[in-house]
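Across the two complexes that follow, subunit A remains constant while its partner is subunit B and subsequently subunit C.
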Partner chain A sequence: MNKRFDFSALMQSKVTWAVIAEVLILLVCFAIRPDFFSISYQPSTGMLYGSLIDIVNRSAEITIISMGMTLVIALGGTDLSVGALVAVSGAIALKFLRWDVLTYTTPGDYTVYPYFLVLIVPLVVCALMGLFNGFLVAKGGIQPIIATLILMVCGRGVAQILTDGKQFTTGYSPFRVIGQGSFLYLPMPIIITIIVVVAVALFTRKTAFGAFVESVGVNASASRLSGIKAGTVILIVFMITGLLSGISGLIYSSRIMSNDSNNAGLNFEMDAILAVVIGGTNMAGGKFSLAGTVVGSLIIRTIVTFVYYFGIVSEATMAFKALIIAVVIVLQSEPVREYFARRARRREALAGGDAR
Partner chain B sequence: MNILEMKGITIQFPGVKALDNVNFSLRAGEIHSLLGENGAGKSTLIKCLTGVNNMDAGKILLEGQEIRPSSPREAIELGISTVFQEVNLCPNLSVAENIFVGRQPMKRGQIDWNAINTRAAELMSRFHLDIDVTRPLSFYSTAIQQMTSIARAVDIQAKILILDEPTSSLDENEVQLLFEVMRDLKANGMGIIFITHFLDQIYAVSDRMTILRNGHLVGTYSIDELSKVELVTKMVGKDMDVIFNLKRADVAPDAPVMLKAEHIGDAEHIRDISLTLKKGELIGFAGLLGSGRTETAEMLFGADRIVRGEIQLDGAKLSLTQPFDAIQARIAFCPEDRKRDGIIGDLSIRENIMLAVQSRKGFMSPMTRQEQTDLANKYIALLGIATPDCEKKAGELSGGNQQKVILARWMAAEPKVLILDEPTRGIDIGAKAEIQRLMLEMCGFGVSVIFISSELDEIIRCSNRIIIMRDREKVAEVEGVSCTQQDILKIIAEGAA
Partner chain C sequence: MKKVFFLVTALVMLVCVSAASAEVVIAFSQIGQESDWRTANTDDLKNAIENHPGWKLVYDDGQQKQENQIKALRNFITQDVNYILFTGVVSTGWDEVLKEVNEAEIPLLLVDRLPDCADKIEYAAAFGGDFVEEGRRQIVWAGEYLKSIGKGDMDVNIVIMEGTTGASAQTGRTEGNLKALKSYPHLKLVGQQSGNFTRAEGQAVMESWLKSIPKIDVLIAQNDDMALGAIDAIKAAGKVPGRDIIIVGCDSVKAAFDAIVAGEMNCTVECTPLYAEFVVPTIEALERGEKFDKTVIHPKENVFDMNGGIYLGTVTSIKAADVISQRRY
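Up next, the complex of A and B:
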């Protein structure tokens, strides 16, 4: 029971470095603007406000998607279609809210089809599209990056067709709650994110599913010969990712109360992959860390917020983001972690010597 | 003259001394066998010479000059080439590209493909191999792949060639071919370090041998100085009789039939095969590589699709479409290629062991962490897996211990039928005997075992009955007690009597 705190193992963990990076970025923010950490309560909306709340709130879409992406990457694949599915999800929701724009010409606080259809149909369609990805990978033996490229390219087209290339807007207030409402003083997207993260964590770690995913990711052939139905595992993982993209799409379109087939979820696949990688899950597959992914997603959003907050010209946002991510990734690289772990071991050895 | 001299090599790993003051010398034009059980320090010594591991003490002299290679690349530049047990080449590149990768001859700023292909063909013909060197490496057998890595070593004019278990996946003819090449290189003054677990091969080809045990040097002997029995005794540190005191499984004549296959066949390899396996019986499969042994085993496990015939387990008809079905029916299969189909390297020993049990239960009824740990620790103790704890990555274990982990995975699944495909390949003699002992113990508990091996002596020693395969057909079935190695070889060579 008396297990010693293993400092060198901690220094070798990629998650540790992700947390350190996040804290450093936040400290820089704090140094520049001491009110960066302040959180205030707005009685009129019943919500807490502040930069930190905003970072978590705005990271919701990526965090939710990257929960699925973590599993896909743990299998040794990638899912490029998630951004397009965000657009599909929003398009379907708006389609059901404003079914026939010629009849319902002005947006307002109404929905044409029952609200549950507005929510359920996008999620079901996205889950099916995820299943389609999974089918290509599991049964067709197609590399995930290629298989998901199909929906990445045609997903936005599907969204365009569904809405006749138009951008619908809506004023339906229950729909507004998803992206702009609050619960327990917190913005609704944060609540949804927490539910999703907990659900995925329970599903993977309280059942043996996570172990099966890791096993298939490390060695698919050996896993199959150990009785794991690798195909089923792949199908489930891609379906989960599709479903989560759908949830993310609902949040996104509720924030803007509109569908935007061109820009909704744009580059989300890249952000999600980055979040997973920063979180310490290896692109080659195998062991995955959901907690690390959450931190990774927060880092990405913190950088963006930082850029907005300090008025760095928006043209420079991408370059700035890339710069910080490059630093984080280098800090996490094998030689650097090895170096710090060695130093930590040496220090521990010295400390041990003193004690004696 | 000594081309290589290693003096007082000491390597400290966390918690253990992997090598303790080991001396080793190699003459030019000599084949020198390096021997020891798994974990004795052979690999560590080689890794130290090839710049993978750093020494904590000692020095290496190459042709009298002190060297200290710090990376495999540096070692290669110094003229030390290694051919590993698992072929370390790019299967999707051609044979010629593999030989010249990283140092392609150039002509006018472009790669000179003609030169590459002609020189590669010349090299391979030196090894009496007349093959198309522009074909991808994966097109050829493991033997040819191995020759390719040797050809690479020869072409960079290595002074020292290290062959780490090169023969473990070769058949008899291929081994002879390799030996010819080795003698040829030796005649040209190359020093060859040869690591193998096959005692016969050591005596067939080496000049001297050095034995390690638990990181210590036991001694260096010339080949006619030690008999096989003395050699094994020195390697293991115990008496040989104790190890080989194995008793064949005791099967009552009226034991019930456990597994019955009638005229089964698959789509491409096997036409028609039948066998019966009694409860607690051990059947050996003998035959050359590619004779259909593995395919038959895979059919019985649902890994290879059966298109004809019928399998009965315990009297009930069994339909197998995937390994999952076989595991549900409590048939277990230890595959031939440990690295590709067996061990899941990045996962812990615990996860590797619990996998088959868990997949039988399905992922919705997970074992708790405590149950997994208990299960793993039970088998670590039972099989004597050498590891500090069950959380170590399985990929970091030695070959014999990995094999034991896979065996543990299947023992934990409590099978009725256990199929073992070359379970003792590439592992040392002590571990080999232990795996044979475990196999026979399982029979004692009423498990029926199918044992596939290329080594006839172990097949004969363990089997109740032996099925002999040739050209993807069963050609004979003989009693284990009454047959000799000669009988089986004759049937393999000439077909059924």
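Up next, the complex of A and C:
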């Protein structure tokens, strides 16, 4: 079959532009400091060591959450509670590790409750909280942005109550593995991210679930009429997002070996939405791109790493991030993509004319 | 019907008036629970006020958001409380709401952080750490410590990890840091970045610095949480915290003492959160009708390190291991 490489479609795809943006930022880094790209082996930790590794490693929390956020946005909604759930997850984990800091006064290599509870309970609670969001949306008919606002606001409060407003610290080594351990020379958060991304991709693309989500996102009533249980799809999507926020929270708290109810996951909902949007999924719902979201999340982290690495002055950091994101979004805008797609079509047409 | 309504209203008013005269209502708008330090500060003030006979506390947690705190302050005005204790999450943008507090003639007590508009508003008293002095002590400790180990003449690369940009603790400590650096020409400033006062960001900033800056000898972290985060990043880079890189923190939280005793951190400059011991007497004095001028009341603070005995001009450092058991937070 004579399948031609469709250049104009490629230039029109938002994912392409996200990749181009990421490559451009990395090229700027490379131009300023070629050693930005250096990766070496660090024998003391048994991990690869370099800024590129840091970018992927530190983007883990947002990438994992934004897998769920992609599905929520494909449904035409948003989940504002993810950041608060990160704090809840960390608080529960640390609560089970330390329980009562007045009885167990010094942080050490111990856990008060069995380790599986430390891991399972936060995930179950976060999944249930996600289910609660889904219930309000699917059964209550409440707009997702309002429904998830409830947990966004009270989630951190719950996290603070759990740990009496304190920051618990732990030294339990199996818990350290999640955020600071390694597997196959890579930091553990990268491995967890890969597993999550692959799992979500398989679940949505190898089953009909992804198509259901897109269908409900485009038109919920029409999908219901064609036999899709829209409510169940919404419930599952919000539950997945809750669960993924829980995983993200475990990584975050394991990195710092403590809970930080005020700062853990702060503004993660915004970063996750941004990652999804940069990745080319339309906020109005419908088609979604998990690969695009991964690239979006990497772009966000690359900018942060850029700021730290090149020592952009603290006062200018926010403005600098905003500037780059503005450029990325403009690059992806309809007129810009249309312009390049038109040019590509013209070139293809010319090439076609030559062949005749 | 009208009569009943009038009676009920009068009764309600009577109850309100009698309740108001019975106790002194002290409202406290706190930033949130950003760190162990903040928790200790909140607990100390809350306990002292709640347990004081005749005093009632109205507490509001701002959850790190200025708009929440502004809302809380306006609520306090509506409730017509007797005193307002206030710690602002950032230093700017309080002019309007604090003027409203002035207009309501509620005595304002500024705790820990002075807003930028402090000279334009009225306040009954202000309490706070001397952030500039803390910043100065951090650098002077590093300089004097290097002298004590015979490295006083060597060129040393130093990085400063700042707090949340715009917070008065960040601006004050940075000012103190930079001023003091001038007296130590051998300390070369090679990096300056905000770690937002959190462990996670302290870790990420240090991680990047270790790759972008070829040699770092001293880390000045403007709070202990960022220093503790940085320790993990230093370990991940295969370096030994406290030995390969000298780490000076600030605040003196319990976890920093643990790190110093374990040899992973070198020094922490105290910024005490225990304000109740001078806030409570001040409110008592205000109740008696005494007046205070606008000068900030500073607590007495120390510097804790691994071995003690380093003279910093105003204080001498104390060995952390000797006092760790007495630390309350």
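As a convention for this text, the second predicted complex is superposed on the first by the 355 of 356 C-alpha atoms of A that agree within 3 Å, B and C clash if a C-alpha of one lies under 4 Å from a C-alpha of the other, contacts with A are read in each partner's own complex, and residues count from 1 in each chain.
The definition used in the following text is that a residue touches a chain if its C-beta (ideal position, glycine included) is under 8 Å from a C-beta of that chain, and two chains touch if they have at least 3 such contacts.
Everything numeric in this text was worked out from a predicted model, so none of it was measured.
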(request) Could you figure out whether subunit B or subunit C reaches more residues of subunit A? (result) C
(message) Going by the contact rule set out at the top, does A:219 touch subunit B (first), subunit C (second), both, or neither?
(response) first
(message) Quick one: is A:44 in contact with subunit B, with subunit C, with both, or with neither? Answer first, second, both or neither.
(response) second
(request) Classify the contacts of A:305 with the two partner chains as first (subunit B alone), second (subunit C alone), both, or neither. (result) second
(request) Scan A:260 for contacts with subunit B and subunit C and give back first, second, both or neither. (result) second
(message) I'd like to check the shared interface: which positions of subunit A are touched by both subunit B and subunit C across the two complexes?
(response) none
(request) Provide the residue numbers of subunit C that touch subunit A in the complex, in ascending order. (result) 32-36, 39, 42, 61, 63-64, 162, 165, 191-194, 196, 198-200, 203-205, 207-209, 211-212, 228-229, 232, 235-238, 255, 258
(message) Going by the contact rule set out above, which residues of subunit B touch subunit A in the complex?
(response) 301, 303, 322-324, 326-328, 333, 335, 340-347, 351, 354-356, 358-367, 409
(request) Name, in rising order, each residue of subunit A that touches subunit B in their complex. (result) 206-209, 211-212, 214-215, 218-219, 221-229, 286-287
(request) Within their complex, state which residues of subunit A touch subunit C. (result) 33, 35-36, 42-45, 47, 49-51, 54, 58, 106-107, 156, 160, 165-167, 169, 180, 252, 255-258, 260-264, 266, 304-305, 307-311, 313-315, 317
